[in-house]
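Just below sit the structures, each encoded as structure tokens.
Okay, so subunit A shows up in both of these, paired with subunit B first and subunit C after.
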Partner chain A sequence: MKKLVSAPALFIGAGVFLITGLMLAFWYSPVDSSSMGFSQKIFYYHVPIAETALVAFGIAFVAAVAYLRTQDLKWDRLSYVSVRLGLLFSILVMITGMIWGKAAWDTWWAWEPRLTTFLLVCFLYAAYWVLRSVVDEEQRRATYAAVFAIIAFINVPITFFATRFLPEGLHPVVISAGGTGMEGSMFVSFFISMIGMTLLLVALTRRDLAIENLKDRVTDLKTSLGG
Partner chain B sequence: MTIEEGVKYVAAAYAIILAVLVIYYFMSARRVTALQRDVQLLEDEAKRLQAPAGEAGAE
Partner chain C sequence: MNSQRGGAIDQGAAGAPVRGWAQFKAIVRKDLIRELRTRDMIVSMILFVLLAMVIFHYAFSVKEGADLTYFTGGMLWVTFIFAMLLGLNRSFAQEKDEHCLDGLLLCPVDRVTIFLAKTVGNLVFLLIIQAVAVPVFTLFFIERSYLGDVLPFLIVLLLADVGICALGTLLATISMNTRSRDLLLPILLLPLIVPVLIAATGATTLIFAEGAGLADLLARVLFLLGFDAVFLVAAWGTYDFAIGE
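Then we have the complex of A and B:
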């Protein structure tokens, strides 16, 4: 498939949107009038990173299903790369969430629905990595990993809807059926950061796929050379 | 919470995000470069090994 946008252009685009979003968050969007105050500024990257992590796990799920249907290893590579990036973004969400929690509610951690389900997502996808590392044969590893990625994904919508179905927790609902609950300038900054983070996920996914393809090429060449 | 109190938390959060993303970006870029170099070396080696075999076959 022909590449529509070059990798450097995607990284540059992501950088432009992320920097613009950050600048708007601090100089255009007002300081939150609720109890969160200035610490609410963390929101402009925290939420886009969280949404992007869930999108990455969604891609891993779709690629896992595609692999089981076709047995084509390109889908396994996409699933693996998406889980890796999803996990990276999830760790950032956990860290920034804890900092925000300390600033807004004076606690690093609370066993409430959103935080607990998100932590579970992190553990599940960390286990996905462990599973891959213990199976040597390529097709068998891909099959086990695909099945695991599909099962692990069940927790993603649970995490997303946790605050909507169980609203008594600390974590606020940002985007609901009733709207975003943000004023216009806040939404603009958030939306631009969201675009930037999505572009970054696409750019990193493409680069990580290139890495996996190159690793396969090295293995093939070494095998053909008898090494 | 005052702005002065909130600044350190906000700064810490953004510093961690940017540091992790920038480190990952450069690490993956280095990995691509190293793997491309490995592929090039191995392809050259494969060509070098094939060349005498091809010459011997022509004779």
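Then we have the complex of A and C:
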């Protein structure tokens, strides 16, 4: 399973899809006819990043459950790496969201359900990070982190739902139960960016896992040398 | 002799497996007795809550005759959540410092029973504090007649408390076993209970500012109910790991 695709190939694949998506977004997809206008172009990266962040947290959740069931530290590493990448992507969501907000509504920050949810998600997984840093014993750290990763992931949709109780926001609802609300030519660019972003997540996850494994080996070797 | 042995076994069978319900009651009772003997926590928490309201009053009274009605829900729940953080930290600090929890873990008690008992114990403390704080709060801040809306408010109060206590108990158990102990709990708990805060604050403000409008209130009550159910189950499933071996 591990060597199905080589790591450079994944990065190159992600790059090809992301650049193609970007070019299509500008030269193939039409300028949005609604009030968004040209600023809507950021959508082709903003939304894939957001969905990739949620996928990363989902992987962290599944890995956390797997760790609690098996007590195998490889699942803890996967969970940790996924949370780290998810947090990185969430911060990118906030940054791209703020840029879009400034361009479309002339405000850097709006207390809008989706943006607010991602802000809380950032706090939530930052807390995960803090939790890991204050537990020394490896097994115990992995267990606590797994419990928190599970609770945090369950909390994400609940938070999103709760923010709907707040006064209505500005965010456009593009993908709803009624359909995608996108023209075909927009969807092609969006879909290609989506594939690119997902490949990037897979590539980064694999690279980070390799680094974590190497770190562990170094620690083991140091210990065996009596360091 | 046979009958004697049989009798002994019967007695053992009746005495040995203490049922979950009895264990649950015993743990709750132990926590309440311990607290009622010293009253440290209850007295400090009640004083803290009352002080917080006075502080809020001065912090928000920026203009003569300013209407605070739409801030009351927020004031109330921020106060309760901070009081709960103090209480949770203390309740587990004692357990840890005097190795009570180790003793409890050595007993043949289901971890889930410990979780439920601890949650109920914390819930009782929170309710005692609220029993003092809410009347004072209405005296301080609410001018309109609200007697007709007391029942919906109590429902909101109870549902929000259950959610806060269930998650609080789980996370306090984790944080007391880490290096930073009480410092960690707010960082872990606050982002998780933002949904409770949003729903409970909204409902409380609706009730006290406008009288309970049914549809809006019902949405929030159902949300709180769902939150409680989801996290009681989640905490139930993970507490075994949180409390350790």
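Annotations
Heads up, the rule we're going with is that the second predicted complex is superposed on the first by the 214 of 227 C-alpha atoms of A that agree within 3 Å, B and C clash if a C-alpha of one lies under 4 Å from a C-alpha of the other, contacts with A are read in each partner's own complex, and residues count from 1 in each chain.
Basically, a residue touches a chain if its C-beta (ideal position, glycine included) is under 8 Å from a C-beta of that chain, and two chains touch if they have at least 3 such contacts.
Being a predicted model, the structure only gives us computed values, none of them experimental.
In the superposed pair of complexes, A:103 makes contact with subunit B only, with no contact to subunit C.
Of the two partner chains placed around the shared chain by superposition, subunit B is the only one that A:95 touches, whereas subunit C remains out of contact.
When the shared chain is aligned, subunit B comes close enough to touch A:200, but subunit C does not.
In the superposition on chain A, no contact is made by A:12 with either subunit B or subunit C.
By the touch criterion defined above, A:23 lies against neither subunit B nor subunit C after alignment on the C-alpha atoms of chain A.
When the two structures are aligned on the shared chain, A:136 is found in touch with subunit C, with no touch to subunit B. Shared-chain residue A:147: touches subunit C; no touch with subunit B.
For subunit A, the partner that touches more of its residues is B, with subunit B and subunit C as the two candidates. Only residues 1-3, 5-7, 9-10, 12-14, 16-17, 20-21, 24-25, 28-29, 31-32, 35-36, 38-39, 42-43, 45-46, 49 of subunit B touch subunit A when the two sit together in their complex.
Interface residues of subunit A, counted against subunit C in their complex, comprise 68, 120, 123-124, 127, 130-131, 134-136, 140, 143-144, 146-148, 150-152, 154-155, 158-159, 161-163, 165-166.
Interface residues of subunit C, counted against subunit A in their complex, comprise 167, 170-171, 174-175, 177-180, 184, 187-188, 190-192, 194-195, 198-199, 202, 219-220, 223, 226-227, 230-231, 234-235, 238, 241-242, 244. Interface of subunit A with subunit B (complex): residues 11, 22, 31, 35-39, 41-42, 45-46, 49, 88, 91-92, 95-96, 99-100, 102-104, 200, 204, 207-208, 210-211, 214-215, 217-218, 221-222, 224-225.
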